[in-house]
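Chain IDs A, B, C and D follow the sequence of writing; residue 1 opens each chain.
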Amino acid sequence: MVKIIERKIRDVEPLENAILVEGLPGIGHVGRIAAEHIVREFKGEKFLELYCYDFPPQVLVNEDGTVEFMNNEFYIIREPIPMIVVLGNTQALSPIGQYYLAEKLVEIGIKYGAKMTYTLGGFGVGKITDVPKVYAAATSKELAEKLKEYGVEFRKDGGGIVGAAGLMLTFSKLNGIEGVCLMGETPGYLVDPKSARAVLEKFSKIVGFEIDMKELEERAKEMEKFLEKIRKFEEEVMMQQQPKPPSDEDLRYIG
Amino acid sequence: MVKIIERKIRDVEPLENAILVEGLPGIGHVGRIAAEHIVREFKGEKFLELYCYDFPPQVLVNEDGTVEFMNNEFYIIREPIPMIVVLGNTQALSPIGQYYLAEKLVEIGIKYGAKMTYTLGGFGVGKITDVPKVYAAATSKELAEKLKEYGVEFRKDGGGIVGAAGLMLTFSKLNGIEGVCLMGETPGYLVDPKSARAVLEKFSKIVGFEIDMKELEERAKEMEKFLEKIRKFEEEVMMQQQPKPPSDEDLRYIG
Amino acid sequence: MVKIIERKIRDVEPLENAILVEGLPGIGHVGRIAAEHIVREFKGEKFLELYCYDFPPQVLVNEDGTVEFMNNEFYIIREPIPMIVVLGNTQALSPIGQYYLAEKLVEIGIKYGAKMTYTLGGFGVGKITDVPKVYAAATSKELAEKLKEYGVEFRKDGGGIVGAAGLMLTFSKLNGIEGVCLMGETPGYLVDPKSARAVLEKFSKIVGFEIDMKELEERAKEMEKFLEKIRKFEEEVMMQQQPKPPSDEDLRYIG
Amino acid sequence: MVKIIERKIRDVEPLENAILVEGLPGIGHVGRIAAEHIVREFKGEKFLELYCYDFPPQVLVNEDGTVEFMNNEFYIIREPIPMIVVLGNTQALSPIGQYYLAEKLVEIGIKYGAKMTYTLGGFGVGKITDVPKVYAAATSKELAEKLKEYGVEFRKDGGGIVGAAGLMLTFSKLNGIEGVCLMGETPGYLVDPKSARAVLEKFSKIVGFEIDMKELEERAKEMEKFLEKIRKFEEEVMMQQQPKPPSDEDLRYIG
């Protein structure tokens, strides 16, 4: 057993007919950025913290001299639709820890009224795409078919969904509720607000709410500028290299 | 303790005098292919799923947008002979997880009427053989002697049987029943229906049933064609290389 | 669960309004040296030993033919101020073990009267500094502000505090008491009494006691001499190398 | 918790004033060879098997088609002196597993009458010695002093005793009995009956029994012959190489 401590922050009434939304750190931090935006925009209230004995054995140090504990946090949102959102600065480290944590996350979601689980994440494709696609996977065929109407894609790579985003679907099924994972296409080596925006756009349509994207769009634009710089830099490097083909002399020194 | 969740799919009456058959993923997927063929041909009914907290912490994604959970599945077969068959898409990851899982697999087998365990697997030999041998190992000397009459071989390599195929023999013994592992010779780096066919042939004779091998033979033939292509390709490569022995010049550049 | 055995060495009355001080092995052994000095100078009495099943699976061998067990030890100090000090020759090995151990260390501290936790450690900076700075991190903003008055610094590296020194802050907070980590700047690749002295100086001012530093100063001086030797040696090596710039001939042989 | 199954082989009366002797696999298999010799010569009766869930997840395959389970075995010896001997084909894999196993081994020893623990092992020195020394380490100063009278040495390397041979001393102490580890000097890369013989010689004198060493001496002689061959081979290789110092030409091809 991997021990998980629940630290109640405030008493809250369970919701009715809520959805459980997961946005823990992962590829491109896509899910985390999207879920944090939801909590910020809809003024989610933190009501519970989880401390798992399989989190990294450390605290983080802030610049103001305080420490930040490794934990997962539950936020409650009542409007525009009832949501329980899980954020955090880490996932569990070992396979077994990940199972115990995902089980606990779903159990708490259900305890506070969730009737359906949405996990948000990134799908690493190794390159930058102009308009990131959003992929979906669901715990039932009917659900998958319904999702397709919202313009999401199905993955054909035969791979998996690793960590909480995947295992929370397993524990949703085992606890009698359905689950969906939405994955934004992302390079995988960059924090990616643009992909988070794409995921959030689909997600808000699927579950039925409107959300101000301004702040996310600004972060996405900043990212674009940064990427533009990289692209230019790479072009320049290539320009400088091209006119000068390697001489025999050069080749001699190649190890 | 490594937690294992049992998810009942349907109620079934325990069998009388059944055998427990294991075909989880392993070397060349020999055991898995053989056991899946048995379940398909004899129309085994799935009645139980196991979710072990030491399975890979993920779900797999299907092309139709659904997810596939990591689990082990129990099938019941009444005819031609009573069998409890374990299939699945994974084994446990850690040594401890493998012990807990093998213990559970045997306990469930016995609960549903198994009086003897057969684990099916591959024995990796690193090369392709025309007629794959079938090796056997048993939990008692008498059993081993009896098996020899069916033309199986005994391994002389002093090695082990790793994973569920080995540990289910340990837990069979600890629970008072005997066990046998049948291992088909296989290269180890290829999914090997031919070896699975060889194992199934011996197995069906030993436990006494007849089974249609057509589908397995077709898969074996496809594999043969594929191997033939590889062989030809390798020959061609060797032909092209042979006439040109390495010159001093070449040797100079070898790092 | 990771089992931890408590071995009582003597019965002691719990203290009132004590502080819990941790000095387990870590970077530069800064915390360990500082805490050991406190126990020695104030004649701390050992009253409890902990044996954690996630300590290194071994005993150490002393030159007199006795063995030294891997454990953590609790010392009680009544004067000049009430303190519970944790020393030891190891920390737990795995993340999970570190959580269970830190939890136990804090629980015992509280049981014996601790109302506040101080963990002492090193902050590895990769180079030798003449006057090592002391960094602090605290479980609350107010505490951090108060610490600043004592001339400690706040880290700006965005990193963490790993092991007992970090996790004991987590479990202090979870058990309703505050905690502070003091970290002495240290190269990271040397046992560092000088940094321990710097930490102890700040610590004694913060919690309000005076302590004789003579022995620690001597160890620091010995370290200085050793470092001086290294510096001279490096200078000589550089002097010998400088007058001889690499020739083309030399370059040819560089791999 | 790491589960350990006890499988009783026969009922035995607990001994009075017995010693617990450990000879599990380790460096040079010194302890195992020595303890197996004791069991063989004194016709020890196996009465208990342990199956630990942290043993290698496998069974071994014998040439007669039977499997050998991974386990630890307890033997009881009444004459010449009462002994409980632990043999086996493996130790636990993980640190935590090693703690749980060592705890169980000592508890069973005490349950069957042990008042003192002797663990037998090798001390790897990286080279072959003509007369292997025997090192000792004990759980008390008095014990160590007494051992010295038997001509054992104390290690000065500041290292540890890893695994059951070390941890069984820890759990002996925690359970109120004393313990000694005897370590035979051994190269570390060879199974070493000669070192086992040296350990057994000291051990038999210390605890007070006489034992026929013939079989062990024969194995040691065979080992000597084997080593002699290696020495000759190495000499020949060196002879052939010596007259031919590397030429500039040779040096050019060294990568």
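The working rule: a contact is a pair of C-beta atoms (placed from the backbone, for glycine too) under 8 Å apart; a residue touches a chain by one contact, two chains touch by 3 or more.
Here the structure is a predicted model, which means the values were calculated and not measured.
Enquirer: Going by the touch criterion stated earlier, list every chain that contacts subunit A and also contacts subunit D.
Expert: Shared contacts of subunit A and subunit D: B, C.
Enquirer: Tell me, which chains sit next to both subunit A and subunit C?
Expert: Looking at subunit C and subunit A together, no chain touches each of them.
Enquirer: As a multiple of 5 degrees, what angle does the CA superposition of subunit C onto its copy subunit D give?
Expert: 90
Enquirer: So which chain is the furthest away from subunit B, centre to centre on CA atoms?
Expert: The most remote chain is C.
Enquirer: Look at both sides of the subunit B and subunit D contact and report whether the same residue positions are involved, with over half shared, or different ones.
Expert: Under half of the interface numbering overlaps between copies: different.
Enquirer: Where the CA atoms of subunit A average out and where those of subunit B average out, how many Å apart are those spots?
Expert: Chain centres of subunit A and subunit B, defined by C-alpha means, are spaced 37 Å apart.
Enquirer: Could you tell me the distance, in whole angstrom, between the mean C-alpha positions of subunit B and subunit C?
Expert: Computed from C-alpha means, the inter-chain centre distance equals 52 Å.
Enquirer: Give the residues of subunit B touching no fewer than two other chains, as numbers and ranges.
Expert: Those would be 1.
Enquirer: Any two chains that touch count here, so list every such pair.
Expert: A-B, A-C, B-D, C-D
Enquirer: Contact residues on subunit B for subunit A in the complex?
Expert: Subunit B reaches subunit A through residues 1-3, 5, 7, 51, 53-67, 69-70, 93-94, 97.
Enquirer: In the complex formed with subunit B, which residues of subunit A make contact?
Expert: Going by the criterion above, the answer is residues 1, 95-96, 98-100, 102, 136-141, 144-145, 147-148, 154-163, 166-167, 169-170, 173-174, 181.
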